[in-house]
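Two complexes come next, and they have one chain in common, subunit A, joined by subunit B in the first and subunit C in the second.
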Partner chain A sequence: MRRSSRGIIITASVLVICFCALLVMMFDYHGAREEAGVTYITKGTIDTGAANLVSAIYLNYRLFDTLFELLVFSVAVLGVRFYLAQQRGNEEEVTRIPESQVIRTSADLLFPPILLLGIYLVLFGHLSPGGGFSGGTVAGTGLLLCAVALGADVVGRRFHEPTLERFEWEILLAILLLALIPVLFGRLPFTDLLPRGRLGSLASGGSILIYNALIGVKVFIGTWVIIHYFVRHRGEI
Partner chain B sequence: MALINGVTIAIVLFGIGLLGLILRRDLVIKLLALGLVNGSTILCLVSLNARVDGVAPIVHSPASVPYVDPLPHALVLSAIVINFAILALALVFVMLLVERYHTTDSQRIEHEIEGERTP
Partner chain C sequence: MTSQQALLVLLPFIAAFGLTRRRRFTAVIGMGMFSLTLSAVYLLLNAPDVAITEAAIGAALVTFIYVLAIRKTGRLVIVGDEAPGLLEREGDRITGLEQEILAGFAHHLGLDLVVHFLPREEVEEALLRGEADIAAGGIVHVDAEDRLLKTQGHLPTGLFHLTREDAVEPKQTQETEWIYFSDVLEAIRAQEKGAYTLDLARFIAVSRLDLSGYAVERLPGSFSYTFLLPPDREELHKRLSAYLDHLRQNGELDGMIRRYFS
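Up next is the complex of A and B:
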C-alpha cells in the first residue's frame, strides 16, 4: 500500500471517530419526553379521522412532504428505465432453465393471498399498520414471485407494461390535481375537504384512503418496473 | 441512562458506514455502506422516540395510553422510500460503469478516465 493512501486512511478514520465521539457526547439523551407528540395524539384523530396517526401525519398534516417523496421515487424509477433502456443488455436469447413444478405451483398458490394482503394494507392503511407504500411493495413482491416462476417477460406482457408505465405518471398527475382541488373552493391546497366518518370505519379518514390507494398502485407499478428493467438487463431471473 | 442505547449504537453504525463509504474502493461495497448509514439514521430516529412502556400510535380509544410520538415514524417512512430510490438508481450507475470499464474498483475507474482524457 502506498504511503499517501495510508495517510488518507488514518486521517479519515481519525476524523470519523472524532465526529462520532462528538455526536455521542453531544447527545444528552434521557429517553423520549412525556409530552412528545401530545398534540398529534390528542388532536390527530379528531383532525384527520384516521386511527393510524403515522398515516394521518404523512397523508394529511404533511402531505406536501409526501408529494416530494413520491416525486423522488418517480424520478428514480424514470432514471432506472432511461439508463437501462438505453443500452441493450443481453440481446441473444438466454436459454431459460425450466423452473421446477414446485415453484410454479407455489407461485400460483401464493400470488392471490399476497395480492390480497397488499390490497388490505392499502385500504386499511389509515386504521391499522400499513399504507400505500408498504402495501404497494407487498403486491410488487408478489409479482416478483410470479416472475421467478414464469419468467419476467411473460409477466410483463401479461400486465401490458407500456400501459402500466403511462398509468404510473397519470397517477402522479391525479395526486397533484387532487391536492389542488381545494383551491377551487377557496381553500388552501392540500386541505382535506371530505367528511370524516365514524372513527374506525373504512371511510373515516377523509381523503387519506384515496391518497393511500393511488400511492399503493403507483408504488406497485414502480417496484415492478424497477425489477423488470434489472431483470431484462441481465437476461432472465 | 445507560451508555449503550439506540442512539449511541446508531452513531457507531453511522461511523462504520461513513468509513466504508470513504475507504473502501469497491463501488458495490460503497453502496452497502450507504445502506448502513441509512439504517443507522432510521435506528436513531426510532430510538430517540422510544419509551419503555410506549404503545404504537394507532389510536382506537381516547384513553390515556402512553402512545409514542408519531412524527419520527412518518419521517422514517420517507427515509426508507428515498433510500430505496437512491439505491436503485446508484446500482444502475454502477452497472453502467462496470459495462464500460469492466471493474467495480473506483480508483481504477478514475485512472482509466484520466487516461482517456489525456491521450
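Up next is the complex of A and C:
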C-alpha cells in the first residue's frame, strides 16, 4: 500500500515538473511558422467558404487530423463497451430511487430546447461557434437528462439501442469513404470537391456541413452509449 | 484589472474550493463551477468554439455523470421506525440521539445522511435487499436477526410487554401486519385491544397515555440499543464501531444521552 502510494507521488511529481517545464518553454516559443497562421486567417474563408475559421481548419485543412480524433473517440467508446461487457451487469431489477416530480417535469421541459440547441450547433458549425463535437455532446447531455427522469433502460429501448450502436460504426465508415471519394476523381484524398457557396449562408463551406452532421450524430450516439454502459454495469441511474 | 484577469485569478480559488470540500456533492459542484469559469476565460480569449465544448463537456456532462455516481454512493441511507428521543420527526426535521450519532458519522465519512422511515418488521428486509446501509430507530439487541451485523450497544434500555384483552376490537383491521410505531400509539390512545412489546424509549412515550386498562410487564434481562448493518458491509461496520468507540471515549456520547434523556 505504502509502496504503491509512493510510486504514485513520484509519478505525479514528474508529471507536474514536465508540465511546468513545458509551460516555461512555451513562453520562449514565438511560433516557428507565423506565415501558416497568417495564411489561414487571410485566405481561410476564401479557400473553404466557411465563416467559422476554426471549422475551416479542422474540417478542411486538417481533416486528416480530425479523422484520428474521431478514431480516438471511437476507441474510447469501444473500450468502455468491451471492458464493461466483461463484467456481470445488474441482472436483477434494482429498486429505483423514486424520482421527484421536479426532475421529471424539468426533463420534459428542457429536453426539446437542449436537443434543438445541439442540432443548431451542428448545422451552423461552419458559420458560428459550434460543430459536430460540441453539438453532439450537448444533445447527448439532453438525452442523459431524460435518462435520469425516465430511467436509462426505458430511454435505451425507446431509441432502439442496438441499431444506434451499429449506426455509430457505419457513420465512421461513411466519413472514411467520404474522405476517399476525391480519389475516384483523380484528386488527393481529403480534398473538398463541393462548391464553396456564398459566404455566410447555410449552404456554404463545401462538405464541412456534411462532416459536421456525421460527427454530430456519431458523438451523440457515442456519448449515450458510454453513459448507458456505465449505468447498466455500475448501478441504476 | 480586466475581467479576463479577474477570472484567471478566481480559477485557483475555485479549484481549491472544489478540492478541499469534504462533502462530495459540493466538490462536484465546485468542479462544475471551475469548468464554467474556464469556459468564460476561453470566451474572453476569443475562442468561442473551445468555450462551448468546455461548457458542454466540463460543466454539463461530467458534472452530470458525477452527480449520478454520487446519488448512488454519496449518501448514507438509514432505515428505521420512529422512536421518541432516538429517531423522530419534528416537523420537517429529524431529531434524536441516533440521528445525531449517525449525522456525525455521515459527516465523518463525507456522505449525506438520508433517513427512510419503515415499520420495524420491514427494516431487516430493507437491509438484506441492499436498499439501506444502516438500520436505526430503537432497535434492541435481542430481537435483531442474526444474519445482520450489529454494533455494540450505545444505550441501555428495557423491554416492556403491554397487553389488553378485554377492550374494544380495533376499528379497522389493517391489511398488512406491519405497523409503524405511530399506529401503535394511536391504538393505545384509543384503548384498543392488542399486545405489544416496546422498548424503553417507546414505552416512555406510551406511558404518557392512559395505560390503566393494559397489563404491563417488564421483561427480565439487560438490553441495549444497537445499529444494524447488512452482512456484507464489514468495512462500514468496522468504521461505525470505531466511531462509536471514539464517541464513548471522549465522553461525547454521554453528553448526547444527557441532552436527550434527562
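Things worth noting here:
Keep this in mind: the second predicted complex is superposed on the first by the 203 of 237 C-alpha atoms of A that agree within 3 Å, B and C clash if a C-alpha of one lies under 4 Å from a C-alpha of the other, contacts with A are read in each partner's own complex, and residues count from 1 in each chain.
The working rule: a residue touches a chain if its C-beta (ideal position, glycine included) is under 8 Å from a C-beta of that chain, and two chains touch if they have at least 3 such contacts.
Predicted model only: the values in this text are computed from it and were never measured.
Contacts of A:I9 after superposition on the shared chain: subunit B is touched, whereas subunit C is not.
In the overlay built on the shared chain, the residue A:T66 is in contact with subunit B alone; subunit C does not reach it. With both structures placed on the common chain, the touch criterion links A:V54 to subunit B and to subunit C.
Touch criterion met: A:Y40 reaches subunit B, while subunit C stays clear of it. In the superposition on chain A, A:L84 makes contact with subunit B only, not with subunit C. By the touch criterion defined above, A:L214 lies against neither subunit B nor subunit C after alignment on the C-alpha atoms of chain A. In the superposed model, A:G200 lies in contact with subunit B only, and not with subunit C. The wider contact with subunit A, measured as residues touched, comes from B rather than the other of subunit B and subunit C.
Contact with neither subunit B nor subunit C is seen for A:A179 once the two complexes are overlaid on the shared chain. In the overlay built on the shared chain, the residue A:F19 is in contact with subunit B alone; subunit C does not reach it. Residue overlap on subunit A between its contacts with subunit B in one complex and with subunit C in the other: 52, 54, 128-129, 131, 133, 230. Subunit C meets subunit A in the complex at residues 48-49, 51-53, 56-57, 60-61, 64-65, 68-69, 71-72, 129, 131.
Across the interface of their complex, subunit A is touched by residues 1, 5, 7-8, 11-12, 14-15, 18-19, 22-23, 48-52, 54, 56-60, 62, 67-71, 73-74, 77-78, 80-82, 84-86, 88-89, 91-93, 95-96, 99 of subunit B.
By the touch criterion stated above, subunit A contacts subunit B in their complex at residues 9, 12-13, 16-17, 19-20, 23-24, 27, 29-32, 36-37, 40-42, 44-45, 51-54, 56-58, 62, 65-66, 69, 72-73, 75-77, 79-80, 83-84, 87, 127-129, 131, 133, 199-200, 226, 230, 233.
Contact residues on subunit A toward subunit C in their complex (touch as defined above): 52, 54-55, 95, 97, 121, 128-131, 133-134, 137-138, 140-141, 144-145, 148, 223, 227, 230-231, 234-237.
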